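I've put the structures underneath this note.
Heads up, the next two complexes both have subunit A, just with different partners, subunit B and then subunit C.
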Partner chain A sequence: MSGILFLAWRHAAAHRARTSILIACVALALWVPWTAGALAGQYDQALRARADQTPLIIGAPGNRYDLTLAALYFRPSQLETVPYQELERLQEGGKVTFVPLHMRFTARGNPIVATSIEYVEFRGLQPVAGRHALRLGEVALGAEVALALGLRPGDALLSDPTELYDISRPPALKMRVAGVYRATGTPDDGAVFCDVRTAWVLEGIAHGHAPAEGIDESLVLSRAEDSVAVSGALMEYAEVTEENEDTFHYHGDTALLPLSAMLAIPASRKDGTLLKSAVNAAGDLQAVTPTAVISDLLGVVFRIKAFFDLVGGFLLGTTALLVSVVFLLSSRLRTAELRTLDRIGAPRRVGGGLIGLEAVLVLLVAGALAGGATAATLRLLPDLVSTF
Partner chain B sequence: MGTARTLLHLSALVLAGCADQQGSADDAPKSSLSRQVVAVTSGPAELLAAASVGQARVDRVAPDGAPLDRWRPDDQALDAMISAQRVLVLGDEAEPWLQRAGLPPSRTTRLEAAVPEGRWIEVGSFTHTHGGGESHTHGGVVAETWTDPDLLRAMARRSDEQLRRALEGGEAAPPPAGLEGRIDAYAAELKALAATLDGRALIATHHGMEYLCRWAGIRLEVTELELDGSGAPPNDAAVRELAELAGLEGAHAGVLVWPGRLDPTFAEMAQQELGLRSLDFDLGGTLSDRDTLTRLTRSAASLRAAIEPE
Partner chain C sequence: MTSESAAGTLLRGVSFSYAPSAGSRPFRLDVEELALRAGEAAAVIGPSGSGKTTLVHLCAGILVPSSGEISVGGVRLDRLTDAERRRERARQVGLVFQEFELLDYLNALENILVPLRVRGASRGELRAGRTRATELAEAVGIADLLGRTPARLSQGERQRVAIARALVTEPALVLCDEPTGNLDPDAASGAVDLILHEARARSAALLMVTHDHGLLDRFDRVIDVTTLAGAGGKAR
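Right after this comes the complex of A and B.
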């Protein structure tokens, strides 16, 4: 056996170009489906893990995929908002913890997730520097955001203006970095966290300014005994500082302050089921189970993947046929060699064994190359789930 | 040999690739609420929390005497509140810092939610708008709702229901002697005060007594004196108003009640020039060595004793 192996090896080495091309073709034909399969498996696992950890999401009626993707992965969406009083009303029930979410703004392209301390506790976010953002105007950064922007506690981060040329919109808010969270390998690493009240400042619903009674007369449009109308030119603070923090207040009914969605964390499965039924029956909100929504979404994706798997299978099959043709033609070219072997007394099967072993060697090397390339691809690709 | 080396390298690459590609998501344990306590920042909250779960499980996070409308929690106080099983607060009207601090909504009980919409008292409101935006009223709502015995009972029911539910399962200390009885005693003291006044008005420097006066049917005249404690004279309009009120003999009880901090300089002036004897009335809003009900009841009793005919 070792003699045939030696001959097969030497023949392959003597025809380097042909052998290399064959190895490359087989490796490529294996690499594509293996990588796609591994990636799909990773996405499936990671996306489901995120969804499995989140019992329920509640939001305005509408597209449930948008709601789920926005709440879990902070994807931009055009969701209708939910008034804060709905969270307070639902919270009165006591058996479910509701976590507010507001995701309508960005800071240097990163989503600003305005929420409450319960979100941080629920997701297990731990500060690796500084502390949680508990005050108006403070933010805590996900690990990737801090790394990409080179920020740490004490630094400042500006929100992105929503309408660059609309001076009636609130200006960008200069926020203080209170802390940086440890990396979790989830979309939380790519987010900027703050308290939900800071989002209301970004919305322009809450702001701070000098007392209305003491404002420069040139900015006063009209004045009566118990009221004053102030010009929109009055400069609103673009930063919450220790000096001006006490002046910040809300306009309008605070119960109507907007949220993008809420996470619902029930004490038991039964409480979750009852809550979901009650919310969906009422009709003014919708409650979705993230696992079910993501399964639906992945089902569509994997149906498409199945098609590409089929195409990959054809590719592999075609490659196999072409490789077979090459070896077949090669065996014709080696007729003299095989006749020599026969004449020196080698068994009949040696000829077939030589070609077969050479094919096996090519497959093994190609397989190893494809495996290595797949592993390298998976290592080099960015974590697309956390940046989903 | 060269080919063998190449194969070895390839095998190493495959083995390296088979290693774990990315760190798994940090399996950080979710932070646990290790403090089975109720955090409080005001006198009324402490009173009601102690009545529900016992004083031992009440954690004061504001310093004694810190004024409700001006106190702002530091980082330590915020950490104490978010790590407590429950935070009991009055609400945005009495404690404006709540609008700027990120307390956990699921663990925060606001006593003001127990006050029905139509029971709030608004005085001296100042409305403003910004450009074409929505109007907003500043400073017009009187925050001292706990001084009304009926509203205090409603707050007690709300806090009791929420606190017992949140802390059940923890070791229960016996709550102090019945809150209902003590509120009844306070209410009786207010009725006695009203009877002693017999239709005469009380003159006060601050709107803080609005709710207890409304409950007891006592007429209240407020002058809104603005004193900065430096001895400088107060606002002229308030002084004129005070003088006019003082001049109405028989229409008032002859006392100037200070629900806020008593200014000795002005108190002496009011005594000498207007014949008004100044009296402190502790509304029990801040944290102190004595609880809110004790302070309210004693203040009402002292005021009654001061205006009773000799």
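Right after this comes the complex of A and C.
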């Protein structure tokens, strides 16, 4: 067998162009379904793992997929807000911990997740440098954000402006980096965390005041006895500092301060069931079980995947037939060579052995290439899964 | 079995026929007795279609007689299974074809070693075979061409590779089927001398089919295939 293997190898090596094309065809035909399958598996695992860890999500009535994807994976969405007083009202029951979530803003393209320290504890986020963002205007960075932006504790990060023509809010908020979290392989790695009060500053609902000395008179809009109103052009950004922190205050009813959603962490399964029933029965909010929503979503995704599996199967089958034709034609072209080997004393099935082994060599190399390409694809595209 | 055939080749009472197909004449070859000693060289002559190639194929075990005895190097080929005959052929018989039939994707050294490869030689056998191949290449004058593929060799160089391939297993019998048919007269003469010299040097019996009657005086015997049925080999 080793002699026939040698001849098969030398024949394949001598006909490099033909062998390379065959290997490329088979590798491509394998790579597509393997990569699709592996990506789908990773999606499934990553999505379910995050959903399984989260007992309940509460938000405004509307699309439950949007609510779940926003609360779990920080996907941008236009969620109706929930007044903060709803969280306080629900919390009066005492058997469920509620975690506020506000996710309307971004900083250099990364979602700003405004929440409370309970979120950090619930998700098990550990600072690898610095500390949690506890004070107004502070942020703690997910591992990928810190790496991508090259930020460390003590650095500053500007929020992305949202509404340039709204003079009631600052164009951007300069936030201090308090800490960087250890990588978790979840969407938390791609988020910027801050206290929920900081989000309300970003909303323009809360603001501070600065001393009016030394202001360019051309930017003064009006002067009163105890204050000066200036043009928005004066400030490129707002910043919470030790000097002005105490001047920050809310305008309007603090009970109506907006949240995007809440995570509910019941003490028991029963408490969770009771809460979900009560919330959904009342109708002014909706409570969803992430596992059920994600299962629904994956059902759709996997029906699409089944279609792609079918297409991949046809592709593989077609490639197999074409490769068979190439080897069949090759065997005819090699008739003289096989007759010579037969006359020299090669085993009876040397022809089949030679062509079969060459096919196996092509399949092995193509399989190894497709496996490597699949691994490389999964490695190069981790964000597809971790950030959904 | 005679003492001659124990080391050489013997055909006795052999009968072989092709089953006639539509539109073709039936063919039959009978050999009463043909014995070749080790180191003996015989030329096979006869008109086209008289059975020269069939005789070569019977001696190699490529064809199986319907009756009779064929021995090569003391082994009764007619009693072996197909797989055993193939193994014996790769071990005991060296073949040189008219078209040389080298494998175009192997270099000269690899072509010489093909008989060892196809019989599944061990690493040790291959190592020894490689040494013999190098010596043979030196003997036939292609030592510096071993890395070349057949496409980069001249007709004469290809034939020398084919001769080395036939001898690399140190066979008991070397069979040549018109090996000079594609060479000019000078080259043909040199090739026959080379095959005779190398076969004799290795004490191998040699049976060569040839149409070139000018070369016959170099052989120990000349066998007219048309006389094999009754008179045995025709000795010169």
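General observations
Assume the second predicted complex is superposed on the first by the 348 of 388 C-alpha atoms of A that agree within 3 Å, B and C clash if a C-alpha of one lies under 4 Å from a C-alpha of the other, contacts with A are read in each partner's own complex, and residues count from 1 in each chain.
We take it that a residue touches a chain if its C-beta (ideal position, glycine included) is under 8 Å from a C-beta of that chain, and two chains touch if they have at least 3 such contacts.
Just so you know, these numbers come straight off a predicted model, no measurement behind them.
In the superposition on chain A, A:A368 makes contact with subunit B only, not with subunit C.
Contacts of A:A183 after superposition: subunit B is touched, whereas subunit C is not reached. The wider contact with subunit A, measured as residues touched, comes from B rather than the other of subunit B and subunit C.
When both complexes are overlaid on chain A, the residue A:A49 reaches subunit B alone and has no touch with subunit C. In the superposed pair of complexes, A:I117 makes contact with subunit B only, with no contact to subunit C.
Shared-chain residue A:I355: touches no atom of subunit B or subunit C.
In the superposition on chain A, contact of A:L149 is made with neither subunit B nor subunit C.
By the document's definition of touching, neither partner reaches A:V301: not subunit B, not subunit C.
Across the two superposed structures, the residue set of subunit A contacted by subunit B and also by subunit C is 13. Across the interface of their complex, subunit C is touched by residues 1-4, 6-7, 10-11, 13-15, 336-337, 340-348, 350 of subunit A. Of all residues in subunit B, only 3, 7, 10-11, 13-14, 16-18, 21-31, 70, 72, 75, 78-79, 82, 92, 96-97, 99-107, 113, 124-136, 138, 162, 165 touch subunit A in the complex they form.
Within the complex formed with subunit A, the subunit C residues making contact are 60, 62, 82-83, 86-91, 93, 95, 97, 101, 103-106, 110, 114-121, 149. Contact residues on subunit A toward subunit B in their complex (touch as defined above): 9, 13, 49, 87-88, 91, 94, 97-100, 116-118, 120-126, 131-136, 168, 182-186, 195-197, 206, 212-213, 226-234, 240, 245-246, 248-252, 254, 365, 368-369, 371-372, 374-376, 378-379, 383.
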